[in-house]
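First chain written, first letter: the chains are A, B, C and D, and each begins at residue 1.
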Amino acid sequence: MLQEQAIVEECREIAEGIYALRFRSPLIAKQARPGQFVNIRVDEGIDPLLRRPFSVSRTVDGTAEVVFNVVGVGTRILSEKRAGEFLDILGPLGHPWEYTTGFDIALIVAGGLGVAPVPILTDFLLREEKNIITFLGARTSSWVAPLNMKNLHIATEDGSKGLRGTVVELVSDYLSSHNVERPKIFGCGPTRMMKALSDLAISKDIPCELLLEGEMACGIGICQGCPVEVVNGEKRYELICTQGPAFDCRHIILPS
Amino acid sequence: MIKTSFKLRNVEFKNRVFVASGTFGYGDEAKDLVDVNKLGGIVTKSLSWKPRDGNPPPRIVETPSGMLNSIGLANIGVKKFIADKLPYLRTLDTGIIVNIAASSVQEYCDVLQELDDKEGVDAYEINVSCPNVKEGGLSFGTDCDMTKEITERLRPLTAKPLIIKLTPNVTHISDFARAVEEAGADAVSVINTVVGMAVDVKTKKPKLSTVTGGLSGPAIKPIALAKVYEVAQAVKIPVFGIGGISSVEDALEFLLVGASAVQVGTLNFVDPALSVKIAEGLVQHAEQNKLSDIGQLVGALDANVEFSVLQSWL
Amino acid sequence: MIKTSFKLRNVEFKNRVFVASGTFGYGDEAKDLVDVNKLGGIVTKSLSWKPRDGNPPPRIVETPSGMLNSIGLANIGVKKFIADKLPYLRTLDTGIIVNIAASSVQEYCDVLQELDDKEGVDAYEINVSCPNVKEGGLSFGTDCDMTKEITERLRPLTAKPLIIKLTPNVTHISDFARAVEEAGADAVSVINTVVGMAVDVKTKKPKLSTVTGGLSGPAIKPIALAKVYEVAQAVKIPVFGIGGISSVEDALEFLLVGASAVQVGTLNFVDPALSVKIAEGLVQHAEQNKLSDIGQLVGALDANVEFSVLQSWL
Amino acid sequence: MLQEQAIVEECREIAEGIYALRFRSPLIAKQARPGQFVNIRVDEGIDPLLRRPFSVSRTVDGTAEVVFNVVGVGTRILSEKRAGEFLDILGPLGHPWEYTTGFDIALIVAGGLGVAPVPILTDFLLREEKNIITFLGARTSSWVAPLNMKNLHIATEDGSKGLRGTVVELVSDYLSSHNVERPKIFGCGPTRMMKALSDLAISKDIPCELLLEGEMACGIGICQGCPVEVVNGEKRYELICTQGPAFDCRHIILPS
């Protein structure tokens, strides 16, 4: 973990309102593991005050990339960054997905901007020589499709692209019609999707780690601002920023 | 050589810049990012007798130049602190101020006594912004008599510096400062967070699970400065100035209005290295202004006090 | 057609958006920039019996997402207001709320009586954040008994709506709201500015001539919302929500926590047309949400009240 | 007076840290008189919160120009504006210099950024067929010199450029060695310079109008935030933003 003034290498719109920002940081590029995030100070001023957390999406040649949706003032400012500007970045942060042991086939399930960490996850799974099946919501598939996605299945709710239905229905159908040996689900997306995915994983008795989001002030465990309720823990809450963002779906109670 | 240190009762702190309670964890989390040995000290997260889960999420919401929190004083409890955190803190070359929270006067006493014979604790800061369970949850800190009583009860229990951290959510904070000074406090910390709230207009729900929470950050700096000024005019004991400090200039403002030291809070989340930059920046400022002691800045405000009576005519 | 109007005592205001006292002059200065006939009303600059010069400069300083002011209630006095400003205000098709400031209870009465038979005055808002000369300059507004007394004395003098504007610089603002409700006030305005200060570290002087001043703007919005919420829970009379409103969403937040109407203050300086945009935006919001009356939003917060007792554990 | 979203036509650095920003506004260009100002919202956010006031420097072909020094966050943001961006502008504001009657020879005296309104003042004085003698501090003379300045005298305190001494000494010397018929002083600059200028005008019995600055929240007379102490007024204070910024030097007490 370090705080640095990284140089922006590129910031481009990859789909409507969705941007990929790449910055130079050999250390983050080297240390980041799938599911970890960086906490970015979008502006040197004091409004907006807090850093904004983003999953590391890819790491290439000493650079790291984040992919984000413009939803408010912070992401708007970030989307206006240009190559050569400096960006105050803290990272890599958080507890990554367990991508090495306990499974043979990785089922990656991402909805919406949950697609962001899928490229880095795929990279590391491939290094571990795992089999991968990827289920994505459609919106950003045009960006990730040309990357290293494996066995890509795409869903849209209206069936306009890929299969019709939610991404979780897609996984469910797939599991019903295929024999998947020693699978593990890697989930990332909106809370509602994660809930459905968690239910599916539990009912099918498949290991499943979900990447959570939540309001964060610090991202490094010093503010206690990012609790998630857990079962069978020492305490009632754990911190998303340091004990997560990757959590075993059986360990957490997703907020309703 | 510029003198940076300052003394509180029997303890000499290396300089006048601290990190505030609840904004720096237990002091070990950010060790890769900040060299805490360059600080006057660390104030720990508030500790209660038993561990506390804290409030349900959301606990945090950003506001204009500030943030609201309702952490609910989530903490590991004093015993686990002593077992798991103090050994590390003891290895540091910086002041360790343990902040104590409680829901009864007795609990304050118990926590302090549990700590008092442990090596590595330099001073106590008492967070009185806690609900008094006996009084139906009304905050100790908005009741001058209760605040005084806590101080009186704690004073005989320790020879270490006792700092009372005051809440700004009262009409006359100087009354509280005078009361705890009389009761034997060695210093006061001013201010804790300001009560505030925010609403999600889409869901019509409060943005914090607890409806209201505590406002902190640069937004409250003007309020904090006014409170520190009021307190510094009223008491002789040192004041820790706290509230929205985000730069060396901000720290200087607090010293000038009468703070003997400052605590950096919310801005630790934004720039974990800020407190050290401020400690260094104060030395530079002293050099540039040919001061031999940072203490010369304390209360050096050039104010026309006669005018200040006009304040009520805003 | 969406109902936008709301009634206070015997006066119907066209909608629930007003401009706040001291942030819109006497209503004629910005007429090229704002169509005030689209507002619920204008609250005038505070008027005292005699003209007041106000404080020496500097009277204004910007702060993080806010500003401090110490205007010193500079105003032309009630007689000149009646002679020079009221004739124009009378021609407007909007509510005229005259704000009154004074340094004695008698002065409040005199100013109100001077106005009460004049055509064009729809209601009074009483600024109690003024120094009580008899009590050595302590603000009326931080003394619950004085605040009540002012209300009691004014109530019999007029049949028009009497609005008491409360200061946030007190421990329990709801006590004040209850007191003035009991004394016959028709509404309360919440909040006036928060005491704050700022220092120029180069000159070591306060940035305001009066040392401290009043903080306003978005920085205080969370504080204002919490105060409005507290007051709205405590009294039945309507509340004017004020503090840092800078958008339609901000106005909605105030309505949801219990304000019956809102006043735009500091942001008039930044965007003089904002109040009209907010009035129009509320109608749009009602349309989109299929409301027949903006009043349906008032107090519609979906809060888990049980949790809010946790608030003191910040 | 109007509030409008004006398009930036150009923003260029004319001397170190000093910028000229030109925006399209036919109405302001038409209405602005010498000494009037515009109040600019440098950013749509709420920090910095308040508008920033700047003298109208020139008006050309439906555009108006302001010239400013980067001294803080607002002017920094302004200096980064690019052609084509929108700028929320309120103007023209304030009470201009009386540039039509009561004199034959205009002595324009500007120190520091007080040079900003000199070009528009010169334009209007020329239209009135007045004689003009201009005394400037050196720093920005390289920018104004090629404009329409008349009878330009430049001073620097160290004598490195133009004459040695303060701009007020320059005027004083000039008045001692020349016979100036029916003069009037138009002053603009730092308070200390204005004080000296005022003293000079009074001692030589020359009419003199000074352009004042001061903290402003609104710029349009609704906040009472910008008082200047006056003598022989109805009241103790007048407002810089509406009763000024141009004031007869005999009417005001400059802050010390």
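In this text, contacts are C-beta pairs under 8 Å (C-beta built on N, C-alpha and C of every residue); 3 or more make two chains touch, one makes a residue touch a chain.
All values derive from a computational prediction rather than experimental measurement.
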Topological distance between chain B and chain D, in contact steps: 1
Mutual neighbours - chains that touch chain A and chain B alike: C, D
Dominant interface by contact count, named by its two chains: B-C
Mean-CA-position distance for chain C and chain B (Å): 33
Inter-centroid spacing, chain C versus chain A (mean Cα positions, whole Å): 47
Gap in Å, rounded to a whole number, between the CA centres of chain D and chain A: 55
Distance from chain D to chain C - Cα centre to Cα centre, in angstrom: 36
Chain A residues counted as touching two or more neighbouring chains: 46-47
In chain B, residues with contacts to at least two other chains: 56, 64-66, 69, 71, 217-218
Contact graph of the chains (line, ring, star, complete, other): complete
Complex interface listing, chain C residues touching chain D: 22-25, 29-30, 32-33, 45, 51, 53-54, 56-62, 64-67, 69, 71, 74, 217-218, 246, 266, 268-273
Touching residues on chain A, where the partner in the complex is chain B: 1-3, 41, 46-51, 88, 90, 214-229, 235-237, 242, 255
In the complex, chain A residues that touch chain C: 46-47
Residues of chain C touching chain B in the complex: 55-56, 63-66, 68-73, 101, 129-131, 137-139, 142, 169-172, 192-199, 201, 203-206, 209-215, 217-223, 225-226, 229, 244, 249, 252-253, 256-257, 300-305, 307-314
Touching residues on chain B, where the partner in the complex is chain D: 64-65
